[in-house]
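Note that the chains are named A, B, C, D and E in the order they appear, and that numbering of residues resets to 1 at the start of each chain.
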Amino acid sequence: GCGKTAAPTTTTPVSTPSATTIDKMTISSAGSTALQPLVKLAAEDFMTKNAGVQVNLSGGGSMTGLTNVASGAIDIGNSDVFVTDELKDKGLIDHQVCVAPFLLITNKDVAIDNLTKAQATDIFTGKITNWKEVGGKDAPIAIIGRAKSSGTRATIVKIVMDGKEFTDAAAAQDSTGNLLTGVAQTPGAIGYIDAAYLKDTVKALKYNGVAYSADAVASGQYPIYAYEHMYTKGEPTGTVKLFLDYVMSKEFQEKSVEKTGFLPISAMKK
Amino acid sequence: MKARQTDRLASVMLWVGAIAIIVLLVAFLGLILGRGLPYLTPDFFNGPDGVRGQLFNSFYLLALSLVFSLPVGVGAGIYMAEYAPQNKLTDLIRLSTESLATVPSIVFGLFGMIIFVNKLGLGFTILGGAATLALLNLPILVRVTEESLRAVPRSYREASLALGATMWQTLYRVILPTALPGLITGITLVAGRALGETAILIFTAGMNVSRILFDTNPLAAGETLAVHLFAAKSNPLPGTNADQIADGTAALLILMVIVFNICLTLPSRWLQYRLLGKNKG
Amino acid sequence: MPHSKSWVCFSDRLARYLFISSAVLVSLIILCIIWFVGMQGLSTFRDASVIEFFSSSKWSPDTGQFGALTFIVGSIGTTLIAILIGGPLGLAGAVFLAEIAPPWVRSVMRPATDLFAGIPSVVYGYVGLTVIVGLVRRYTDSSSGYGVLAAGIVLAIMILPTVISLSEDALRSLPATYKEASLALGATRWQTIRRVLVPAASPGILTAIILAMARAIGETMAVQMVIGNSPRFPGSLVSPTSTLTSNIVMEMGNTPYGSTWNNALFMMSFILLIIALIMIILVRTAVRKGAVR
Amino acid sequence: MDKIVVSNLDLFYGEQQALNNINLAMTEKSVTALIGPSGCGKSTFLRALNRMQDLIPNVKILGQVRIDGQDIYATNSDVVMLRKRVGMVFQNPNPFPKSIFENVAYGPRIHGETNKKKLNEIVETSLQGAVLWDEVKDRLHKSALGLSGGQQQRLCIARVLAVEPEILLMDEPTSALDPISTMKIEELISELKNKYTIIIVTHNMHQASRVSDRTAFFLNGELVEEDVTSILFTRPAKKKTEDYISGRFG
Amino acid sequence: MDKIVVSNLDLFYGEQQALNNINLAMTEKSVTALIGPSGCGKSTFLRALNRMQDLIPNVKILGQVRIDGQDIYATNSDVVMLRKRVGMVFQNPNPFPKSIFENVAYGPRIHGETNKKKLNEIVETSLQGAVLWDEVKDRLHKSALGLSGGQQQRLCIARVLAVEPEILLMDEPTSALDPISTMKIEELISELKNKYTIIIVTHNMHQASRVSDRTAFFLNGELVEEDVTSILFTRPAKKKTEDYISGRFG
C-alpha cells in the first residue's frame, strides 16, 4: 500500500443532519502516528462537548489501525494509506479527513535550500552522495529516512521518486520524532517528515523552487501531499458517527485542522 | 617482585573499572535528571498535557500485572525450591522458565496483541497490557523466589519438620517469612523493569489516557509514563512541548524507580533486622 | 476447629497442588508462546524460500524478496560488541565488589548498579541517540554515527547490571576456603582472584554472560533508536544496519497481520526465541560441567 | 520395656550403603548413647528413627523400625504424627529467626493450639523444663538469635519439649558449645530421662559415660557392640571397641 | 632452638577478647599440640601465627610473634612472604576445584616457577612427601574433588609441602576424616617433624598424645599450661588441666 496524491473521493457528506445519538460511552481509535495529532485534538474537543464520552486513542502504525478495525477490535482505524488488498473485502469504509503535506528537511549546516525533483531522486536513490553535486559544500550526504512500511516514505517514493527504490545505504528511523533528532544532530543529513512536525532544529527545503505553504498545496504548486484516512467497519453509527461528523464538521476543519499542520479536506476541492 | 607489582597494578585497574562504572551511572543519572528535573513542576502533572493520568496508569498496570504474576510466579518458585523432585519434568519446567526469561519483550508484545487485542477482541486495554506484562514478570519472579527460598538455611526446615509440621506449615510460618527480604528485592527488580517497559504496552495497552482521573476501569486503554516518553520522543506532537515532556518524563521515571527501590528495601531491611535481632555481641 | 488434623493435611495437600499447577502453568505459557510464534513464523515459508531467508541479505518484501541475513548478522554483531565491552567491565565490577570494595563502597555501589536495571530502555535509547551516536560520529569516519558500534555500546551499558550482580553472586558463593587456602600458600590477592576464584566461579560467570547476551539480543527500543535501521549488510561497525528486533518493531505496525511480510517478522521473533533457547542450553551445560568437575 | 526396636535396618544413599543390618532395641525412659568415629553412620541412624531421612532424595531403607510395636515405615504410618512423637535436637543450635516465645510456641501452634493463655503456660513450662526460664523470662519477645550458643541449644530443647514428644533424639547436641553450656545440657539430659526416651549421638566418650545408661558403638555403618555404658567402656566384648575407646584411632 | 616465640599476645574480635596475654615458644623441628574445649581460641591462636587473621575485619592484635627472631607484625614485615614460610592445613580438606597436579603445582607457580620439568618434579616429591603419590600417580590430571576426604587432606598437605615452608600449622586436620585416613595422617606428621616445625590443633587428646612432643592447653582465651606431652597428660600442674583431660568437661 502507499499514499496516493489525488484520489476520486467518496467522502461522506460533511454535515448530514441526522438523529444520531450517543450509543456507547467509549469508542476507540488506533493506527497512523502521522494522523495522531489531529485525531487527538478532535477527540479532546469531542469529549469536552459530550461529557462522559471517552475516545481511546492509540498509535501502532497505519496497518495496526486497519487490521484492528477490520477485526472489530477498535471502532476507527487511522491510516496514511488506502486499505490493502487483504482487507478490501472486510467492509471497511474510508473517511478521508484531511490532507497531509510532507517536507524535505536537512541539517542546518547544509548550504542549499532548494532541491529539484531530479536532484532529490538522485540523492534518495544513492546516485548523488555529496552535497557539492547539488551546489552545496563538499560534504557527504547522510540520508535518514523512515522504515519501509512507513506511509510517509511511501508518499515520497510515489511522488518524488516516481516509484524508484530508496538506496539501502540510508539510515532509517522508526518515527518522525527520532528522525528529526537524527537530522538535527547529523551534519549533512537529509530526511523527510509530515509538515505538521516541522521544528526549528532542522531546515525545510523548497521543492522545485516552491516553498511549502497551505496555499501552495491548495493551488497544486507544491505536490508532496497525501490524504489521511479514518476507516470504519461498515457505516458508522451512534457515537462513532458523531465523532466522525465532528471531525468533518466545518467548525473543526476550518478552525483546528490547520493548527495541527494538516490541510482541511475542503482546501483541495476548491 | 613481579607478583607484588602485578597485584598492585590489578588493584588499581579494578578500582579504575569500578570508578568507570560509577561514573557511567552518575553521568547517566545526571544527564537524565539534569535535563528533566527543572520541568517537574505541579503543572507538569496537572497542566493540560499533565502526566498525572500516565503516572497513575503506570502504577495501576504494575499493580495489576503483579496481581496476575505474583501468585503464579511465587507459587512456581516455591515448587522449584521446595517440592520439585529431580526428574525430567522438573528439568523441563526449569528449562522453560529460564527460556521465558530470555524472550525479547517485543515477542511478548506481539503475543499479547494477538491474544488480547485481536483474538479476544478487547482492543487496547489496561487488562491486556497487565496480563502481557505479567508474562515478562513471571520468569524473574520464579527465579528470585527460588533463589531466596534456597538461601534459607536447611536447618530451619529440618527444625520445623522435626517438630511435626507439615511442609505447608513450614513454608508459610518459617521459610517464607525468612525469605521475605530476598523476595522483596526480587519484586523491586520486577517492578523496575515493568515500570520502564514500552515495547509490550504499545501493542497491548494503547497510547492514550482516560480523562477520568484515576480511572480504574481495566478495560480502558492506559498509556504509562514509559509509553508516554516513547510517544513524546517519536511523535513530538505539534503544539505540545514534546521535548520538555520527554525530558521530564524520563526524569520522573528514574525518580520513581529510585523511590520504589527505597520504599521496598527499607522495610525489608527493617524486617531483616527484626527477624535476625540485634547483633549477637 | 480450624486446625483439625484433616484441615492441616488438606491445606498441605492443597498448597502442594497449587504450587505444582503454578509451575505447570508457567511452562505452558512458554510452550504456548513458542507454538504460537513458531506457527505464525513458519507460515512465511509458504510464500518465501527458507534458504533465501537465511542466506540472502536482500530484504525487499514489497517485491517478494525475504532475505533476513542482515538482521541475523546485525543482532549477533551488536550482541558480540556489547559482550566484548560490557563483559570484561562488568566482570571487573563484580570482582571489585566481591573482593576489593570496602564494605561501605559495596553497600552503595551494589544497589546503584541494580538501579541501572530499572532505567527504561527508551531512556537508554534516547541517551544513545543524543550522546553516543554523536561520539561515534566524532571519533570515527562514519557520516551518521548510527550502526553496530553505537548499538553495541548502548547495550554494553544495559547489560552491566546483569553481568555485575550475577557474577558477584557467583564469586560470593564460593567457599571461603578457596581464598584462605590460596592466601595461606603465599599468593597475592590478584593471584588468588585470577587463578583460583574466577576459574572456580566460572560456571556462574558464564551464566551471567550468557543471560546478559540473551538480554542484549532481545533488546528492542534502545537498539532501534541507534542502529540506523537500514536493511543493508553492515559494511563496517559504523554504518547503519538493522537487527532482528529493530526491524520487527519498525515494520510490525505497518504490515497487515497474516501477510507474508508480517509472517516473516514473526519468523524473526521465532529466530530470536530459538537463539535464546540455545543460549539457555549453553548455560545449563556450562553449569553442569562446572558441577561435575 | 523396649520403646524402639530396630531390626535388620539397611540404609543406602544412592549406591552407597551407610547402615548395614542394624539390630538394636532402646529402653523406655533411659538414655542410649551412640558413639563411633566420624562418618560411621551415627547421624544417619538417628535420623532414620524420625524419618528425617525422607527429605534426602535417593535414600533407600530396608528393614524395620518399630516404635511401641508399630512400624514407622509402614505405608499407613503418618510421618507428621511420628515426628511429633519423636522430637529431635540438632548438632548446631537452629532456633527460628523469631522471638524466644514464638520459637517455643511454634510447635503447639502448628498442632492447633490457639488459646493464648494455654500457649503462655506451655512456653513457660517448656523453658523451665530446659532450665532456661530464669535466663530469658524478661526477654521472651526478643529475637532468639540474640542468645548465646548454649542458650540457643537449650531453647531448641525447650522447643521440642513444648510438643510433648515421647522420644528425644539428640545429634551431638553439645559439640558446638562451651564447657559450661555443655555441663548444663548434660545435667538437663539426666533430668529429662525420667520422662523421655533419649538417644544421643556424641563424639565425646566422656560425655557418653557421664550421661548414658547404655552405649552403642558404630563403625563403618555397622553396629559393633551395644551394652550397659559402664561395661562397654571398661570391658568391651569386641577388639574394635577396645581399640576405639582406648584411643587407638578416631 | 625456639623457632617461634609468642609474647604477650592479645587478640580482639571487635570488642570481644579472644586471646589473653599468651606467652609460648615453639621449638624447631618438633610437634606442638594445642588442646582445649571448643571456642577456647585454639584456631584463633594458630591463625595469628601466619596472619590469616588479617582477613577478618575489626581484628586487633597486641603483643609480638617472632619467627626466627623477626616480629611478623612489624610494619615492614611482608605477609605474602610470611605465609610462604608458614604453611597451613585446614580443618576441612579444601583442595581447589582443579586437577590434582594443578593443586600441588599451584604454590610453585605463583612463586614464579614456570619450568614444566621442574614442576613435575616438585609435584612428585610433594605427593610422595604426603604419602599420596602411589594412590594418585595415574590420575594426576583428574579433578582433586574426586578424591576421598582423607586423600584430599593429604593432597592439601602436599600442596603446602610444594612451597617448601619451614613451619606447618594444622587446624584439626583429621577431624573430618575416617579412622584409617586419620592414622595415615598421624604417621605422616611423625615423619614430617624431621624437617618442619609443626603446630597442630586437635580436639582429640589421644591424638595429641600420639603425635606431639609438647602440648599446650587453652581455656577461654588463656594459655593454662604448656609442657612435654607425656607430662601434661599424666601429671598436669594445674587443676583445670586435670579436669579437662580427665573428661570432667569439654
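Note that in this section a contact is a pair of C-beta atoms (placed from the backbone, for glycine too) under 8 Å apart; a residue touches a chain by one contact, two chains touch by 3 or more.
This is a predicted model, so every value here is computed, not measured.
A.B. asks: So if I look at the partners of chain A and the partners of chain B, which chains show up in both lists?
C.D. replies: Both chain A and chain B are touched by C, going by the contact rule given at the top.
A.B. asks: Find the chain most remote from chain B, comparing centres computed as mean CA coordinates.
C.D. replies: The chain lying farthest from chain B is E.
A.B. asks: When I count C-beta pairs in contact, which pair ends up with more: A-C or B-C?
C.D. replies: Between B-C and A-C, contacts are more numerous in B-C.
A.B. asks: Based only on mean CA positions, could you tell me how far chain A sits from chain E in angstrom?
C.D. replies: Result: the chain centres lie 82 Å from each other.
A.B. asks: Using CA atom averages as chain centres, what separation in Å is found between chain C and chain E?
C.D. replies: Distance between chain centres: 47 Å.
A.B. asks: Using mean CA coordinates as chain centres, what's the gap between chain B and chain D in Å?
C.D. replies: That pair's centroid distance is 46 Å.
A.B. asks: Pull out every residue in chain C that's touching 2 or more other chains.
C.D. replies: If we look for residues of chain C contacting two or more partner chains, we find 8-9, 188, 191, 249, 252, 257.
A.B. asks: Send over the residues of chain E in touch with two or more other chains.
C.D. replies: Residues 80, 110-111 of chain E touch two or more partner chains.
A.B. asks: Can you pull out the residues of chain B that are in contact with at least two other chains?
C.D. replies: Correct list: 3-4, 118, 166, 169, 203, 233.
A.B. asks: Quick one: in the complex, what on chain C touches chain B?
C.D. replies: Where chain C meets chain B, its residues are 8-9, 11-12, 14-16, 18-27, 29-31, 33, 36-37, 40, 89, 92-93, 95-97, 100-101, 105, 109, 111-123, 126-127, 131, 157, 160, 164, 188-191, 193-194, 211, 214-215, 217-221, 245, 248-249, 252, 257, 266, 269, 272-273, 276-277, 279-281, 283-284.
A.B. asks: In the complex of these two chains, what residues of chain C are touching chain E?
C.D. replies: Listed in rising order, the residues of chain C that touch chain E are 103, 175, 177-188, 191, 195-196, 199-200, 293.
A.B. asks: Taking the complex as given, what residues does chain C use to touch chain A?
C.D. replies: Listed in rising order, the residues are 59-62, 129-130, 133-134, 137, 143-146, 224-225, 228-232, 239-240, 246, 249-259, 261.
A.B. asks: Taking the touch rule as given, give the residues of chain A at its contact with chain B in the complex, in rising order.
C.D. replies: 26, 28, 30, 33, 36-37, 40-41, 43, 47, 54-60, 64, 67-68, 71-74, 174-178, 180-181, 196-199, 259-261
A.B. asks: Hey, which residues of chain B end up touching chain A in the complex?
C.D. replies: 117-118, 121-124, 202-203, 206-208, 210-212, 220-221, 231-239, 242
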